[in-house]
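Chains here go by letter, A, B, C and D, matching the order in which they are written, and residues are numbered from 1 within each.
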Amino acid sequence: MALFQSLFGMLYQFGDTFAFLVIACAGLAVIFGMMGVINLAHGEFIMCGAYVTASLARVGVPLPMAVLAGALAAGFVGVIVERLVIRHLYHRPLDSIIATWGISLIATQGVLIFLGSTMQGVGTPLGSVDIGGRFYSIYRFVLMGAAVGLLGGLYLLFYHTRFGVIARATIQKPQMAHALGVNTGRMYGLTFGLGAALAGLAGGLYAPTMTMVPTMGATFIVESFVTVVVGGADIFVGAAPAVAILAFIKTGLTAWYGQLFGQIGLLVTVILVIRVLPGGLSGWLKGTTR
Amino acid sequence: MTDRHSSLFAKGLMAGAAMALALACPAFAQDGPIKIGVLEDQSGDFAAATMVKVHAIQLAAKEINDAGGIDGRPVELVVYDTQSDNRRFQEFMRRVLQSDKVDAVFAGFSSASREAYRPIVNQFDGLAFYNNQYEGGVCDSNMIVTGAVPEQQFSTLIPWMMEEYGPNVYTIAADYNFGQISAEWVRQIVEENGGNMVGEEFIPLGVSQFGQTIQNIQAADADFVVTLIVGAAQASYYEQAAAANVGLPMASSVNVGQGYEHKRFNPPSLANMYVTTNYIEEIDTPASKAFVEKFHGMFPDETYINQEAANSYIAMYLYKQMVERAGSTDHDAIRAVIAEGDVCFEGPSGNTCLDPQSQHMSHTIYLAKVGDDHSITFPKVWEDIKPYWLGEAGCDLTKSDPSAQYTPSSPPPAQ
Amino acid sequence: MTETSNGTGSSQPRLAFLRRLEGPQTMGRGPLFWGAAAVAVMIAVVYPLMADAWTVGNTAYFMIWTFMAMGLGLVWGYAGALSFGQTAFFGLAGYTYGVLTLNFGAAYGLTIVALLLSVALGALFAVVIGYFMFYGRIQGVFIGIVTLSVTLVMETFMSQTAGPQWRIGEARLNGFNGMSGISPLTVPWPGGDLVLFPGPILYYVLLGLLVLCYLGLRILLNSPFGNVLVAIRENPHRVGMLGYDVRLYQMLAFAIGGGFAALSGALYTAWGQYITPSSMGLTAAALPIVWVAVGGRRDITATLIGTLAVLYGFQALTIYGSQYALVVMGALLLFTVLVAPQGLVVAGMNLVARLFRRAQR
Amino acid sequence: MTKLLQVSGLCKAFGGVVVADKIDFSLSAGAMHCLIGPNGAGKSSFFRLLLGEHAPDAGTITFDGDDITHLRSFQRIRRGISVKFQVPGIFKALSVRQNLEVAFQSHLSGSQLEQTIHEMLEFTELSHVVATPAGVLSHGQQQWLEIAMAVGVEPKLLLLDEPTAGMSPDETRKTGDMLNELNNRGITILAVEHDMAFVEQISKRVTVLHFGSIFAEGTIAEIVDHMGVQEIYLGTVDDG
């Protein structure tokens, strides 16, 4: 029984970390992988999704609807931001880092000024379940399911829909796509919007488990970056294995040495991966399979 | 929303230059105003807990001015927003002392910010009030600490919890000075009372996911959990622990009283939480009720009046008393008053007195219990709990001023 | 862009390096520019006689940061590698200075030695990181991510050193709260050591150091080394095909930039007698980028003026703009990137030059 | 006569794509040699292998008597290989003079540097634009500037990748004259070229590359007569 307990415990922790990394990084990965833009306002899109979700849930909107609305709201903001700012910076990736940092400053402080320093959250739904003498939050299992669904959904979207194919074509050969009559500007806008919406979804999904403050996005951002870098430029090939490896490293280190080493382990992994595999996991996987 | 805007606008006006409303009363003595610098975080990470401190100081200043000022001189506040950034504390501490030439400074939320400005206060021989509960140990004659310290909060809380729930204790603490030192106090007091530490875990600042920690706690068979976690991200623990049905009583010296988590989180995630604090707005005494009423009279949409707000308010009146007794704002004269050992104030939190050896305060410590619906009850109140550790360890500011911070593991050098 | 000097004639070989004070890699040349620069320095010299003590100390404090900014200008603007982690070298040097002075005290000019050692250690660390990155063929935005990771690892690590076991000699690292009680810079002086508390003396020392570093950087940038750096920014592949070891040049530029960041770090620690892990955190790491971007990264003069202007501006905003300061800062960044991508100071200098030319016509 | 460049058994494949298939190739000192072949024949890859931008899977490269197979690019350049790329690899933000300085300053300084810059400016007729940013030069001038950058280091071997791509017939002829002059001064030249008229103007011998291996080698007349070469290559060239 004790063996089952600790085995299941490990598995649960792994799944929990896996879900967090997938959900946190999806939006950043789409924007970085598809457009080469490092979005430092990623955390603020997450905060936007969380705030909208929590506000709606507290006036009685069912949580799934509220989460969806949070994602849509963040996506909508994303489309506007792309049109006003990001669009002018595609050829200047370093400048887009600065611009998104500026957006992040404005968003965090703006929310603090207009909505106050904190907001009442929504409670975690669904209660808990007793497995082998330990209690586990059922909502955490929902998050794991959502992570797997998210990976599958993104795969289907980008490989089996017209939008996905055109989007990938646009990103790989913009001039060619343009010549073929694709409205490349709109594709970029939609892709950025999708990335922002995924960030909003992350905020919505985690809103019931976290403290609602304007800086809440910051707790996601380091982990998101780590995952994207380890995954490499092609997120569809690299993200899932990257998340699996990182979740394994983090779970292991946290379980045996505590939270600090879980954190440091992640960051050291990034540095090592970049040194050994400059193209990230996806670059390495593609290099060996071609 | 419009209310909020207008009060923000008013704050903006006040923060910039001298406070107009403080100057509104005309009949003051010749000496000119007594200037008090206010360096608090009105934006950034800590704003949630510190905006109210600024309001408390403004409230006290208004009351004092309405009643004729300090020794007939009006109080003038010089307020800067330090943005939760240690560097701003350094810049603005220098500014208030050197350029604005204030007579005293009320400054700082995090211990890091206090340590950032302390060398500057020492260099210019300023007088700074630190109005937070903190890890304790600052022995510096330029500092007056009005917040509670671990020995006051844990020597009351831990034995009570052990008697009520059992001897097995699990501590989770933020992995920095406050958490480490507080955890050390908990450990020591648990052992002194014949209890048993079944687990102790330190959480890096900024961590928001507690899956592993919750599992460890469930596995440890603790009777109660001491939560010494800090910051918005770490506060996510409560929601996650409730969702996983940890179901253990909790004890803390920092949550509720400072970040009013019981107001922000949905019930019952903080149910069965016990906190020792020297003040929270639910305290049911006439003095406290009057204080809350006055506060809301001036700041109608104040979210929560926490212990730091009360401490800041008390500190203003303490300073008033010291200046009036000393007959000047001169620091040596003020220290002479402190050395008399009877600087006390009967305020919203009950009677508090300033200890001349450490320049920390004795407090009435309230044990607050969070109910299932997040309402607060007070199962126990201890009166006149003294900040004994520094004095016992050998800090005596009436004799010498080491300007250092000590910890139980590195106490003052033996005389 | 026209050029006149740089290599015409080779008289006075002993002072040949002085000719490199002006050249195509740096804006400003000719008697007008140097006249203006001399006037600026003169004003800076007499300014403490007229200003109050706080303003002088505050200006000295701002000057401390310009070294890190100029170092980043070299790495990012000239060598084309956006480092998001200059604060790693800043912090390392700050802690080194703290540990050294807490252990060995301030007598006999030891603080000066500590300062030099801190800068050397910072530069050495930059060599290691630079070797790791450039010899590992890391490029573009990934340099930003690696350097950011380095500084965040250091912040995370230093934040948890609160326990008593974390000490180096006499110096407790003291975790998140930071190390305090550090000696200010102390110069041995006949008739009693000169303690450089923030005040006029420190101001003049820093001003001298700043002028020295600025002129030194100008010479470096207009030297063959600077030429190659700019060429690498433009087309690293071609530079390799001209027989240069591109990685070595990038690593050296990175080391110099790290050394400058380290100088800022050690000076900052001496100034405030305090250093904390948050000076290596995300916000702190982003600030140098903001200064350099807003001022202008492709020119060292613009970087210098821009950094001072942004520091003054942001502080003034914080004093008078209260809560809105951070919003205005963010908006300023957006404005710069969208409207004046080469930086506000560079845009301003170009505008002045254009008006001047038109007036002459 | 000793061989300046000796390539033997050079192989390189990317996944399933073979870009160099056991290439044996040599070049005598003082030669002026052209490398031709249809698109995808492996010409550029061969250059990259010679320059050390790709590591070969097998084979050796010997230059001037030394094995350079495992040297890094810049080390090969320092031994006397120089290259001019198809797309002008000049530094557009730098002036013409600075471009030349960057190219030469690694081994020249002071008056020597001045003199070489002066000579190269004369040689490429760029003296009148010395202070112009290279990015605003005409296409032909950019190509010449890059030739000057490649030549000023006094290489033993000059590699040229389609030196006349995008040039007018007039500019092409002038470029041909320049290269002949350089060859006369003793620089060995290996050029990849499409324009057969230009190949005839400059080259004594020609090598045809096809699917990563050497298909034919000989004088220009022999190659033009070679039936197979016409099939794989010349037939596809519209303006041959």
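What we mean here is this: a residue touches a chain if its C-beta (ideal position, glycine included) is under 8 Å from a C-beta of that chain, and two chains touch if they have at least 3 such contacts.
In this text, all values refer to a predicted model and were calculated from it rather than measured experimentally.
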Specify the chain with the shortest distance from its C-alpha centroid to the centroid of every protein C-alpha atom present. C
Selected pair, greater C-beta contact count between C-D and B-C: B-C
Name the chain whose C-alpha centroid is most distant from the C-alpha centroid of chain A. D
In angstrom, rounded to a whole number, how far apart do the mean CA points of chain B and chain D lie? 75
With chain centres taken as the means of their Cα atoms, state the distance from chain B to chain C in Å. 38
Per the C-alpha means, the centres of chain C and chain D lie apart by a whole-Å value of 43
Between the Cα centroids of chain A and chain D the separation in whole angstrom comes to 48
Find every residue in chain A that makes contact with two or more other chains and list them. 109, 112-113, 218, 260, 263
Set of chain B residues in contact with two or more other chains: 8, 43-44, 175, 202, 204
Chain C touches at least 2 other chains through residues 156, 160, 323-324, 326
Quick one: in the complex, what on chain C touches chain A? 76, 82, 84, 132-133, 136-142, 144-146, 148-150, 152-153, 156-157, 160, 282, 286, 289-290, 293, 323-324, 326-327, 329-334, 336-338, 341
The answer for chain B against chain C in the complex is residues 8, 11-12, 15-16, 42-44, 80-81, 83, 85-88, 90-91, 94-95, 98-99, 111-112, 115-116, 118-120, 123, 175-177, 179-181, 202, 204-205, 403-405, 407, 409-410
Help me check something: in the complex, which residues belonging to chain A touch chain C? 36, 38, 85, 88-89, 92-99, 101-110, 112-113, 218, 222, 225-226, 229, 260, 263-264, 267-268, 270-271, 274-275, 278
Which residues of chain A touch chain B in the complex? 5, 9, 12-13, 16-17, 20, 109, 112-113, 116-124, 126-128, 134-137, 139-140, 208-213, 215-216, 218-219, 251, 254-255, 258-260, 262-263
Chain D contacts chain C in the complex at 51, 72-74, 77-78, 82-83, 85, 89-95, 97-99, 101-103, 105-107, 109-111, 113-114, 131, 133, 149, 153
